[in-house]
Every structure is written in C-alpha cells, then in structure tokens.
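Let me begin by handing over the structure; questions about it come next.
Order of writing sets the labels: A, B, C and D. Residues in every chain begin at 1.
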C-alpha cells in the first residue's frame, strides 16, 4: 500500500497537455505549491484547472497563468490577479464561475460517486441558465453535476505512506472534498511519516482517496492579506 | 445619517444570544465590533472555521489560518475547523442563523445583486450565491445610493442577480427596511433623517405605515 | 453558546408522540443509550425511527419496541430481534428498508440542505419502485430525497459545551451524517468538557450541528458479536 | 470439488497488490485468510474502517470497534476510521477495488439476488445494494446449488434483485465463471470436477470454449 513517490516531478507523471486538473486550496492557503512548481517546470499546456481561486501574480496558479499553461479556469472567485484579468479580457483564457458551495459539493460528489444533486444556490441567476430546476418542499433548486478530473492535486500537513492525511487549521478547505475527485489524486505534505504513526481517529482524509503522496521540498506559504493587531 | 460603523452598530442589534453568524466583506465585517455585552455570538467563516476571532497579534499571524477574505485571523475557544463541503452544508442546511452582506442593488421583492457589473471584470460570486439562497435570515448592509447618486433600493434589480426573494432586512445610512410582500417597509429612520429624505432616495416601492421611529444607536 | 442540558430527560423535552426521530449507531455500536432509556421512561408512542438497525431484544431500540413505542422503522438491516419480527409479522410495526449507503447519504443531505441526489444503489430493484431514475454517463441512477426529522439523537465520545464532538473508533458511523438532520439534534457524550479543551483540528462534528448536549450517566456499551482469538 | 475454504483460496488469487477490498459475510470473510505472501491488501468495513485486522486477543475486545458484521475486530497500522457517509462515498466513488459477496442467485446477465426471500422475514439489504451497484469489480462466492439442489446460476433471477448487470465473476465449489454478454463463461473447473457436472448444475446459459483448465489451489 506504499503510495510514496520521490517528489513532485514523479507525482505528476502522466499529467499531459489539455488535461483537466482539480487543485486544492483557498486563496493561497493550503495550495499544493510543490506540484504547481513541477507543472511550471514540466510546461504542460492547455490545462483546465478547477480551483476555488486562481492564485495571485507570481504565486500559486498565477505561475501557470504567467506561462500560458491554463486554457480554462473553473473557480468561484478570481480577483487579485492582473495577469489573469489581462488574459481573460484578451480572450486567451476561458473562465467558468461557480458558487463556492456548489464547487465544493460538486467535487465531493465526484469523489463520492454522486452524478448530480440539487442545490438552491444560483437559482434564477445566470448560473442556472440551461440547467434543470425543480421545486422541493416549496423552494426552488438547481441540479448540479459532479466534477471529476484527470488529476486532483491537494496539499495536507501530515501524511503517511498509505496516503492518510491530516490538515492544519483552515487548510482543509477544498483539499478535503477534492480528494478522490481525480482519476489520480496526488497529495503533497509538509511531513511524511510511516503508516501507523497517525492516530486512525484523527485522520481527516483516509488513504483510499489518495494514489500518490510525497513530502514537499519547501513550503513558502505566502500570506495574501496580512492583517494584525498591535501587541 | 449613519456612517459605516453606525450601520454595523444598528445591525448588531439584530443579533440574538447563541446565534451563528456569517459576515460578508466590507461593512458587515464591522458588525463583529459591536456585539452586545454578554451576548454569545459565533462567527462562521465559509472557508472553514467556526469561532473566528480578531486579527492575530503582530508576529503571530499564521498562513494556515485565514478567513474568507483571505485575511490572517485567530480562532476563539470552542471553535472548530472543517472543509469547504462541510462549511456549505452548514450554510445550505440553515444551521447558520444570520448572514449579513453587502449589495449593489436590492429589489422590493428581496432580490439581491452584488457580484457582477456587465462590462467590468467579473471576479466571481465566491460564496455569496450559496449564502443568499440558503440563509434563514439575510440582512443587507449597504449605502442607500451608489456613487452616481442612484437609489440601490429598486423595483427590480438592473444588475445580474445573486439571488431572488431572499433579503429580509436592509440597513443603510438612512434607514432600516423590511422586505415585505408589498415592498420596502420603513421600520426606523437614522438619527436626523426625515421620511421624505428616505422616500427621495428610494426608487422601489416604499411603505410608510404610521409614525416611523428614529433608531436608537 | 452553552448547549448543555442536565440529563437525557431534559434533552428530549419537546419530543412528543408520533414524531420522527433519527438515531445514530451501527448495531449496538455508538448508540445513544441514555436517550433511549429516557424515551422508554417518558413513554412517547407512535414514533417513526430512522436508524440503521433496530437494536436487539432488550437493548438499544429493542427497548422501545418492547414498549410498543415505535410505529415505523426506517432502516437498512433489522435482523437480530425476535420482538421486532413478531410485531412486523403481526402488522403492529411498519418497516421501510433503505440501502445503507443511501440511508447515510440521505441523512447527510438532510443536514446539508440538499433535497435530492442520485445514487446507483437499488436501481432496477424494488427499492427504486416509483422513484425517478436517470442515466448519467451511461449508468443508471435513482433519485433519492433528504431525510429530516423532528429530533436527531446521536452519541459521541467527547463533547464540549458548544456542542463540538469527537468520536472514538467505529462509533462515528451514522452519528456523524445524522448530526444536523433533526430540527433539534441531541448529542450524548461519555465525557463533557468546557469549550476550549478540544483541539479545533480534531473535532469531527462542529457544534453548529448540535442543539443540546449532555454527559450520559452510564454507558453499558453492549457487544453484539464478541469475537476473539486466543491469547 | 471445493469446500468453503477452497472457494476463498481461489478468490484470493484474484487479489492484486495494493487492492482495497470489501468482503461480505460468510465465505467472503474467509478470503482474508489466504492473502498471497507479500501482497499488501487493505480491507474496508462499510461501517467505517479501513485496515480491518483480525479478531482481538481475548480480553482486548472493544465495543467501539466492530466490523460490518457487528463482530469485535482490530485495526492494522495505517488504518483509519470514518463515518458511514464517507464510507459509502468510497464505495460509490469506486475507490474500493474489489467486492466479494455471497448470493442466493446470479443471472447469466450478471444480476444478483441476495437479500430477500418472499414469504420469509426480510432482514434488509444492509450495504449490499450500494456495494453491487457501485463496485468496479464484483466477485460472487457461493455454493453452486441451493439446499433444494436447484441451480443458483440462472437465466434470470427468481428472487427480488439486489442489483442488475453487476457481477463480473463467480466462484463456486464446482468452477469459476465470468459473466459475459453471452452468458456464464466457464473459466476453470474445481479439482476433479468435469465440464458435464458443471453443465448439469448450471441452469443459465453456459459457454464452454475449448479445453477448460482445472484450477490451481
């Protein structure tokens, strides 16, 4: 059951041009930094990226945008990124915007084998255009489909050789529901330990959802909005 | 007339002991500064936290602990972390008692537009569509008119909608309104603001029923 | 945010005849023993109970069956209970059988505000009779609805005064997806601690899903099938 | 002819390194005793555990740690606990590689009946319907004929179905079959069992293509 690969380069083996990738993280919090760096290095192009956000200029998915590796972004919020805006307005980049809760649930549904479900989010808005709507118990809902991808790439705090994962603080975000939504799910972790070292009661994501795991070389963990109060 | 903090203070009067509350970016965030004494309120941040606390003390910020506005924050005793699917399960399942958010326009039937201006770069709806479609109680905190001086309380929204028939109450610098079957019902006037001034700034149908009290801030 | 009630009797206040209750546990593992005892004492009748199993003679939901307090059981498996069988065959008791995964997902959907979803389980079987079926990606699925109840009653290992819960080993089972599927969710715990004592990274069920919490007087934790190997 | 352990041994040959496997009650459970040397197999128990180990040593049984058959068990290194919704997410999402379960009847088109006998007390399907509707690979382990001596490999199931067109392979005391578009394809004979004996005990369409090897146990 050893799922350990040497590094990010090995983890993304088989990830080719024009594939669809699901990537975890919220803003720059809990993003798979090492895998993104490996994607830049590899130079794969024409990617469809499903990720809540699109990084910032010079970090996160912004690095892939810079190299024109992304054909389409599927996200809930894509501000904070001048290069993104430039590519979008020039028509180089396609964007599909999805309500955040719907995005999370569609990824979870992909991992959980639920092809479609109903949510009230977006009813009677342009998000529901062309979608089936239906009334349940006097309220209107929109039918949404699962999201699946060739690869899902997520980031956790600790992981073991069986692929079991533990997250820290608000980094669970999309990383958890995305685990298992790719044909191959890659997890990069800050600390990789032998199977048996993690308390089975404290595992957030069971290893069955993860196919490849590696310890990232370094994590910059850039902060997007540093807000503090004086000492 | 209220300033931003005044609007937040007035909204804070809507809180009830034990409420779980989700605050949007902008004026809504300020509501957290005016929780009535002795009241136990828990703030949910839709990126995956209950019990959101103040910004961290300088030097203690943690890249792994942010709020939905991507700001570094802290967690209070009794708080918890969870993933985005669980977070929106809380929201969609109506476990969050109150959502306060900003708006560009609100219609007299409770529709809200706050995510997109045609012709401008669209950044996305984030969690706003889930929040407005799901919350039991939605209060809009906003300026009464836009930068061009046009009313934001309209018969019908002109901008692309975020949600329909969902706004329950609106607090602006001029007044408090309930959204009713018949239109915007004026509940309270801001200090020093007359019904006529409110009427003038409100394009949607306004219901003025009897004497309208001045709000107590 | 203090959700603590004194005991099981106080926890089930407002639970009246003919209500629908969702109850956690798998077999006798992780069942809300103290709340069940309080229901027997209170003598509420005509209950519809949604629970994966129906207990055994003399323990778990078997105690409510003995007192003829249950009108209908909604479960995935109801063996191991002679009194249950007697009441069923005599027509005193109604039973609705639901595939286990569908039952879990319907409860989770109830808590998560998803009125309906599609699952392959039960397609072309009597479980799908009268239900909408639909093809997605070449496979047939059945549409299933959320389950909600007047009360959801679950059992956890540790809990705090805000209702945050931590489970032990295989007791998470239905207790987790059922949290929040009742208008009022009651949690009984083996150990109740002040808010702040549980690590927020290790909480399985956030307190928002729980309305009332109490520390159970005693937990018998009966074992249904004691299987061991020699020392 | 194979005994129960023989059937389990033969099914164990279907395991591959790294497989996640869900074993049903009865003969399937025995498969765990015959994992090929050096092969890493993880057993899932649908009540909420990966890495299910053997029964506990006497005196160490724990009421909080049971399997889907409600038996006290243990967990192995690298295992994890989870809730029922997550457990069936694994199953429905095809993350479990192989499901082995018993059956009362299997049809030549891969339908399976194993939960209900009209007129008898029905205990329920438990997780069987989810497992058969979802698993990528389903092997049925069963006796070839029922107590009345009637074939359990039929043109069409007579009992209420658990799932349709889902069984991939069947192992009985007499033989191994694949379910194909054209019927039950005979793959291997049990030691000492002739094709004629198998044919006689099989009511559904049997495909015998060339020389049928005897299984190696």
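Everything below uses one rule, namely that a residue touches a chain if its C-beta (ideal position, glycine included) is under 8 Å from a C-beta of that chain, and two chains touch if they have at least 3 such contacts.
As the structure is a prediction and not an experimental result, all values here were calculated from the model.
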Intersection of the contact lists for subunit A and subunit B: C
Selected interface, A-D versus C-D, where C-beta contact pairs are more numerous: C-D
Centre-to-centre distance between subunit D and subunit C (centres being mean Cα positions), rounded to whole Å: 29
Between subunit D and subunit B, distance of the C-alpha-averaged centres to the nearest whole Å: 55
Chain centre separation (subunit B, subunit C; CA means) in Å: 36
Overlap residues in subunit B, where contacts from two or more other chains coincide: 75, 81-82, 88, 91-92, 134
Contacts with 2+ other chains: residues of subunit A: 105, 108, 112-114, 119-120, 167-169, 200-201
Overall pattern in which the protein chains touch one another (line/ring/star/complete/other): other
Set of all touching chain pairs, with the criterion as stated earlier: A-B, A-C, A-D, B-C, C-D
Interface residues, subunit C side, partner subunit B - complex: 1-2, 108, 110-114, 160-162, 164, 180, 195-196, 200-201, 203, 206-209
Subunit C to subunit D touching residues, read off their complex: 26-30, 52, 75-80, 85, 88-89, 97, 99-105, 107-108, 119-127, 157, 167-177, 204, 221-231
Contact footprint of subunit C on subunit D as seen in their complex: 45-49, 54-73, 75, 81-85, 87-88, 91-92, 121-130, 133-134, 160-164
Parts of subunit C lying in touch with subunit A, wherever the complex brings them together: 105, 109, 112-120, 134, 136-137, 139, 141, 145, 166-169, 200-202
Subunit A-touching residues of subunit D, taken from the complex the two chains share: 18, 20, 40, 42, 44, 50-51, 75, 77-82, 86, 88-96, 134
